[in-house]
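I have a structure I would like to understand better, so I am pasting it below and will then ask my questions one at a time.
Chain IDs A, B, C and D follow the sequence of writing; residue 1 opens each chain.
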């Protein structure tokens, strides 16, 4: 359970309050506003606020005085045009703010995307909760051999059990020692009044990277889509991909026309290299082409054939 | 008059539509939403959208599940603390979007602030309006002598009249020729059907820098305040300062507690150098100090004495 | 001639000085260091400084203690891999600094790329030179009809002559009046001692957008390549494309392996949409496909057929 | 010892190679190029490359064809002027690249500064070394009471000994289990050939935040100074401050005039709030002022009195 009953109450109180606004408003997104969308064993993504909608992209592209255009179909057409031609600035005119709870090693990948605003929970100032990530058994991938930065088959039997046990035990023990060094329990009680307790900014260094942290993360739609194109991708590590997937669903609710054009022109398409495009042209002309004389490496050839839905050319 | 009756109607239609939202909402800002706040002879600033309020700064600083804190006074106290200690990230959690109409030479200064999203009206794609800036007589400053990048006394008599005449005539003529090269009037009528008309992306180069352009400009509160601290300052050129002043009023409506702490700790204060601080300490200790042995240049000494409200020390 | 004899001398003096360094050094780039590469009628691009080379990309990718790898071929292979998989951070580890002289309307397009450092010549502080851009006759494109932001056929005869005349005359007159308002000639002589002269920050607003400005522009290699992919493209306006072309030549000298992979995977390839990829698959499978049932618009269909080198499918 | 003999050799080989360049070169920085400057128990900062020097700031500020100015004293004067008036863009024209080895919890603070280029060692791709940070005994601060995010007195006796023991033991055990999960020793030997070994991207999550990571970090001088003004400050955590201090020494070698003006106008000065400035004015006028009627909180009053070198006003 990623949130406590007290947090649930706070969220419900916030959701109960409504106001009248002249701003662009998206009912489908209002529906889930502030609600935690669960990710991994203790994580979540919550939409805290948003600015703009599909029409706001059009409105900005036209630098208009009123709304974008009159008709939804015209808006969708322009959005497709903008997406196809990489006119990114109109998409920057929408903004969204998330509250995310995530393991520290995921946070470390995430933060490399610099064009966003971040405010993280401070372990210098506050004490972290006893919450850590342990992969579900079906996620315990072995080291991949071909792709040095991926996972292969799922571990099984005793090896899997041992990994789970080590992760759990080390995480629990690290937190026990964290409390001991702080001289304070998670609930605030002092352990030994004769001791001072180590500074929080030091004690935290004993916690492993699977501990959960939290942050507010605010980003414009263009940069969010860029993030999603990299992190909702098959090459991304599973533990960040599930966050990206949850956010992709949010995008679909928020700006359906942008979502549509994004999946059409970015996620669903393919980028061909100069040599790859040449191979396609020759194939279409009925020429036989082999990897050896294609100008592509074996790996590139394999990837191209996969993209084209061919067995091995 | 910065907007046409048609534009006025579009704005009124947009203002008439309201919706219900769970988001943080600021009634004082809703009041002026979409309204053009007039600046210079044909320019304006309009708030198109906003995200967050004073409480959102606190909410982000605490990485909270609900609102920031219960009490307004606690929020204000934390905001002061954040401002004083340069904790900038919580202020980045509020965002605002403006539609601005401004002379091109002002746009060129403005755009140097890179941490914002901009979508400008395209003179490659569309034809610009016949609208240009001419300074009011009391703004016709002569070149300053001491400060090489500022204005001195106001020009008077025939010299002032000549400047006004030249600016107006050259601006009008440039637009006449712009139309002639385009082979098209402002209202779209073709001038000479036997001619083709120069491409818009080329014809525009004949227009002078006092012509008006427009853009959507979106920025987070932290970067907006940084912009205002530089541009609502006495060293800024008058023509950009009036835009900054209009936006400062917007900030006051939007996030009054942030505005309060901003004027207290940034705009209203003073930064002393190491040597300047040393002078203050010695003066407070009752020592006589002269510029010569202060370690300050004459100019720095003069500025320090002004800041301290002293004639000449 | 884009530079004066005095400027030529300054450059020669700078070029004559050499030093010994332990830094990565690129002889082919040193050859042209500080030299103006002429662009348009009065513009240029000069390389002022650079950091890194091909090996520095590899060195950063490996977070290595020494150089990247031992062999040039291995480096090139890794660079290709990084480019193909959009690993952008190693390319950010090279940096280059240019001095550019360019028409103001070009500068206004250029500056939209925000991830660079810019220091522009200040017309608040200094007086601009009497230098403006007039297109060569073969660049006087008419407004394109299909593509609203491009050029069509070249203007001819009297229409072309009239455009040239208007541009020249208005530019000359604007500068005459600029001097008159400043009460000062380009060479510094005062025109009428009984007048004060308008402030520079105001007088400049009379100059049209084809006047030249200058700036120092510093950017990392990743962001430079992104800039070039947009601005060395056929959709870019000619007047900025020629700058991009000049800089592309610089990249070729500086980091030849990066240049190679950039032209292979970015400039020379093609991005297919989901529907476009589907068309290719069906064609390869020997199915007949028409635009109508392809899911592509007429324009997208036309573009796809062009990319595939087919007449009309 | 932060580096191995093999790494020492790689560095020495790199240092032995010199080249001739026309670029701005700084002998005092060349002296330490590539050398690890030791920080904490296993960390370091190494300068890998740099662009520009003091004169390059001036050159950019003047948008000059040659060098900045002729005289060093004029350069220093202009640099002071730029620093005092917050003209930041000329300082952005110098760039520096570091290789840094640092504990993960320090890396997490550091990375919040977004205006830099970073390439970190990948624990998805490679296996981390058995190297972790344990504070020196004199750094084992107790939790501060007044300042919730700082350290108070140093722990002593048995409490200190216990902390050291826990940190060491947990770090060692975490690495033992990391190897066990990977089914591989630090030196690459397989532990049990019948097992597959967990993926690196998963196994790393067992390591605590005091483990060392490494990255290449490249930043312009303006943003470096901003980083240093926050992180070489007394409010920064000791473990990041020592890195900032090492880099401040590098700045002194690299751009001595910039360093001088930075310490004069940024590090060594004081920022007074509006109310604080008012107190100073009244004190200088000989008025008695008390905290109660000063408009300052107790804490602000105390800080102001400290800045002014007064006991308690």
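Quick note on the criterion: contacts are C-beta pairs under 8 Å (C-beta built on N, C-alpha and C of every residue); 3 or more make two chains touch, one makes a residue touch a chain.
All figures in this text were calculated on a predicted structure; none of them were measured in a lab.
Chemist: Shared interface numbers for chain B and chain C above half of all numbers used, same, or below, different?
Modeler: Since more than half of the residue numbers are used by both chains, the interface counts as same.
Chemist: Degrees of rotation, nearest 5, to put the Cα trace of chain A on chain B?
Modeler: The best-fit rotation has an angle of 180 degrees.
Chemist: Provide the C-alpha centroid distance between chain B and chain D, rounded to the nearest whole angstrom.
Modeler: Computed from C-alpha means, the inter-chain centre distance equals 34 Å.
Chemist: If you average the CA atoms of chain B and of chain C, how many Å lie between those two points?
Modeler: Those two chain centres are 29 Å apart.
Chemist: Among all residues of chain D, which ones touch two or more of the remaining chains?
Modeler: 89, 112, 118, 120
Chemist: In graph terms, with chains as vertices and touches as edges, which category applies: line, ring, star, complete, or other?
Modeler: Contact pattern: complete, every chain touching every other.
Chemist: Where on chain C does chain B make contact in their complex?
Modeler: 103-105, 107-108, 111-112, 114-115, 118, 120, 122, 124-125, 133, 135, 139-144, 148-153, 155, 159, 162-163, 166-167, 170, 173-174, 177, 180-183, 195-202, 204-210, 237
Chemist: Okay, in this complex, where on chain C does chain A touch?
Modeler: 84-86, 89, 112, 230, 235, 263-265, 267-277, 280-281, 283-284, 300, 307-310
Chemist: Name, in rising order, each residue of chain B that touches chain A in their complex.
Modeler: 3, 7, 10-11, 13-15, 17-25, 30, 33-34, 48-52, 56, 59-61, 63-67, 89-90, 92-93, 95, 97, 99, 117-121, 214-216, 218, 220
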